[in-house]
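Labels for the chains are A, B and C, by order of writing; each one numbers its residues from 1.
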Amino acid sequence: MGVVLPLVPLLAWSVSQKWFFPALLPPEASWRAWRYVLSPASRVSAALGNSAAIALIVTAVDVALGVPAGRVLGTSAFRGKALAEFLVFAPIIVPGLAVIMGIHVLFIRLALVDTLIGVCLAHLLPTLPYMVLVMSGVFANYDGQYEEQALSLGASRLRTFVHVTLPAIMPGVITGALFVFLISWSQYILTVLIGGGRVITLPVLLFSFAGAGDNAVTAALSIVFLAPAVLILLATSRFLSGESAAMGGFGRL
Amino acid sequence: MTSVTLEGLAKSYRGASEAAVHALDLEVAAGELVALLGPSGCGKTTVLKMIAGLLRPTSGAILFDARPVTDVPPERRGAVMVFQNYLLFPYMSVEENIAFGLRMRKVEASETGRRVAGMVRKLKLQGLERRRPHQLSGGQKQRVALARALVVEPRVLLLDEPLSNLDAHLRDEMRELILFTHKELELTTIFVTHDQQEAVLLADRVALMFEGRLQQYGPAHLFYERPASRRVAEFFGCRNFLRGRRQGGRVETRVGSFDCCAGEPEGEVVLTIRPEAVEVKGRREPGAAGQQRDNCFEAPVRRQIYMGTHTRFRVEVDGAEWDVIAEAAPERNLEGGSMCLRLPPERLWVLPG
Amino acid sequence: MLAPALVVIGFIFAGGLVLGLSQSLGYMPIIGERGFSLRAYAELVARPGFARSLGLTIFVSVASTVAAVALAVVTALTLRKRFRGKKLVSFVYQLPLTVPHLVIAVGFLLLISQSGLLARAAHALGWIRESSQFPILVFDDLGIGIILVYVWKEVPFIGLIALAVLQSLGEDYEEQARTLGAGRWQTFRHVLLPLILPGILPGSIIIFAYVFGAFEVPYLLGKSFPSMLSVLSYRLYIDVDLNARPQAMAMSILIALFVLLLVTAYRRLTRRLMGVRP
């Protein structure tokens, strides 16, 4: 019950206008906020596009790099593994702001600030370790003997990968991808710092509207921002269970 | 010493087609050691948990010393249960585990210490007081679990499968422990098992259940000598059955007619007799064809298995297989031949047909 | 196979920390500083608001963690029994997991600010007459709004772990305790709680560390002075006075160090407690 409560004002305000204290219900319903938010002329669509593009690129890179890394960490033991684990998982706990402030200087030098690419790189910081975490969990439960069986039955490495490995790890990959998408989607300060005010994403826009005091637009924008998250919850409610590694991430968005 | 009486005790679960326990009537005398025996799923653990107060009966009553306890919550009932896997609280020491029940009842600290120390001595756990459960051997865990239950001086002791999943050595130890505490403390004890050997070895009386219903209740020898039904006999390892027609003191069957005692049931009946009770006679005395002497008949021998201390024969009787146990080793292999068997009338038992 | 990921993370993460550290020590070639000194740290700690920021941050982190854990355990205890509508409740329960912090912060803002929905409800009920009479829950001294947001977000996170632990434990230990004479509350306090806590400890530490170093929600809902530590570091970073920059770095390094120390200490501790697991 308490869960839904804070979401109620968002819905209500988004369709309101001139809703001042102490009125308990909005005096008039209005679609002004929504019309603004959904109109192509507003900055919203551009921000939406940026958020989506960045999140997609980041997710793709995370999958490409995270799956092999997760495989190594989940299945093999080697010298220095503890150190590698530490290096990979430490960024999950250390606040991103602290790190990004440090590397900001370097990004300036490399002319990565104010660019989409720079922001994507920055977003890799909180997302890649999570992907590796999820994938190493997936591979830890994965039985490599299926691949050996396939190879000994005559399948080539590529076909083994496509027909044996991929289906087995796919649920994990999808879950991981979905929530690194959400992590990137929700980033604020990293985008602000590296994007320098030139790269506008939804959370950045949301922040400025919240500060400006136009509650209706802020509320409507919040709902737009929220939409993929809820969709993803619906999609993954099949995969979610008590204590999977992915769980560890959702609380941190 | 508390007596336990179950009156019409029943338990059904919502959505289940069959009740777990059907209207059970059972009475355990004060100080008795009773076994609830049956295959898994027969409801015996459900009954135990209802006596403990961990499950509410759907109907019926439970009485301790003729007073109803059905509405008394488990922590106040005085029926302590010991579970199959001991469930020692993992983060407490042996001492703290044993003291647990007393602490919960707010028994004064020095009194608790005294009683715990006494129990430690009685169950030979000296030196282990500060250890954690994961540092104990299986036998030690057993004793701690029992100590923990006994120190609160329960009215009734309930044991859930105390001897299952134990290796032979631990099983002996546990059996001795149960008998010892039962005798020492004259504690009314009810335990649940699926192994008839266990039940027979330990219990004063055995209650056999199938599918939530009580089949037979009494001292162990009853189940062997006078099983209440064919299924009961089979559960106790007897599959010697012979259909026939009883009239007065005689039963007519397809392999011959036999003397047995008179009584109920009359008419279509099934004869049964323990494999150990069947007498193996030498070759049948030649006599007039069709004439039968003294409850004997001839049966073809299908298999002969030498078991070391005895020999087990599988013979064919009226189309079915019987087990016959003979002492020691016969000189020759009788397989394929036939043997003469005698069914002593005093060992024959008659079941309704 | 592992290398590419390691390189990227190593470059950004380790690079960021190293650069941050060096800047905090005063090594900033950009403005011509090439010395190493701990001056920035000293200046940071000596700042008038520092102690209060630290206190506030610790308070908010502790309060959020404790409240989230308490609520999570309670809801897990209720959720583990079967009841009608459980699926729906479970779904709603998991909803906060995917909602971004910013959204919920905005939602709470609209709900509990002095002109928010709750204030208006209070007015409608006749409890208050003016908006200023409604208690200050955001931009306040205690960070209550911030705490509420994090509790809202983290309860399902811990709750699901608690639920998994409870389900794997089964009811056996409780039944054993009941027959030994423990009442419901006693069973919970002496038996269940000690069995669940080790399981939810890692999650709790993570929440604490996360809230400690968090930026977005405190930035949106927090009072300007004193602000929580990450907000303080950001303010120092964008300060026009470039001398504040090393202090911003120092703050970041301190936060990062604290969090890392916390987690390593926790890992050492659990290794010792491991022998107690059932």
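Methods note: contacts are C-beta pairs under 8 Å (C-beta built on N, C-alpha and C of every residue); 3 or more make two chains touch, one makes a residue touch a chain.
What you are looking at is a predicted structure, and each value in this text was computed from that prediction instead of being measured.
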{"item": "By count of C-beta pairs in contact, the leading pair of chains", "value": "A-C"}
{"item": "Farthest-lying chain, centroid of Cα atoms versus that of chain C", "value": "B"}
{"item": "Identifier of the chain whose CA centre is least distant from the whole-structure CA centre", "value": "C"}
{"item": "Between chain A and chain B, centroid-to-centroid distance (C-alpha), Å", "value": "62"}
{"item": "Centroid distance [mean C-alpha coordinates] between chain C and chain A, Å", "value": "19"}
{"item": "Computed distance of Cα centres, chain C from chain B, in Å", "value": "58"}
{"item": "Residues of chain A that touch chain C when the two form their complex", "value": "2-10, 12-13, 20-24, 65-66, 68-69, 71-73, 84, 87-88, 90-91, 93-95, 97-103, 105-106, 121-122, 124-125, 128-129, 132, 179, 182, 185-186, 188-189, 203, 206-207, 210, 215, 218-219, 222, 225-226, 229-230, 232-233, 237, 240-243, 247-248, 250-253"}
{"item": "Residues on chain B engaged by chain C in the complex (per definition of touch)", "value": "49, 52-54, 73-77, 79-81, 83, 85, 87, 89-91, 100-101, 103-105, 132, 134, 148-149, 152, 158"}
{"item": "Chain C to chain A touching residues, read off their complex", "value": "1-2, 4-6, 8-10, 12-21, 23, 30, 91-104, 106-111, 114-117, 119-121, 123-124, 131, 152-154, 156-158, 160-161, 163-164, 167, 203, 206-207, 209-210, 213-216, 219-220, 230, 233-234, 237, 248-249, 252-253, 255-256, 259-260, 263"}
{"item": "Complex interface listing, chain C residues touching chain B", "value": "172-173, 175-183, 186, 190-191, 194-195, 275-278"}
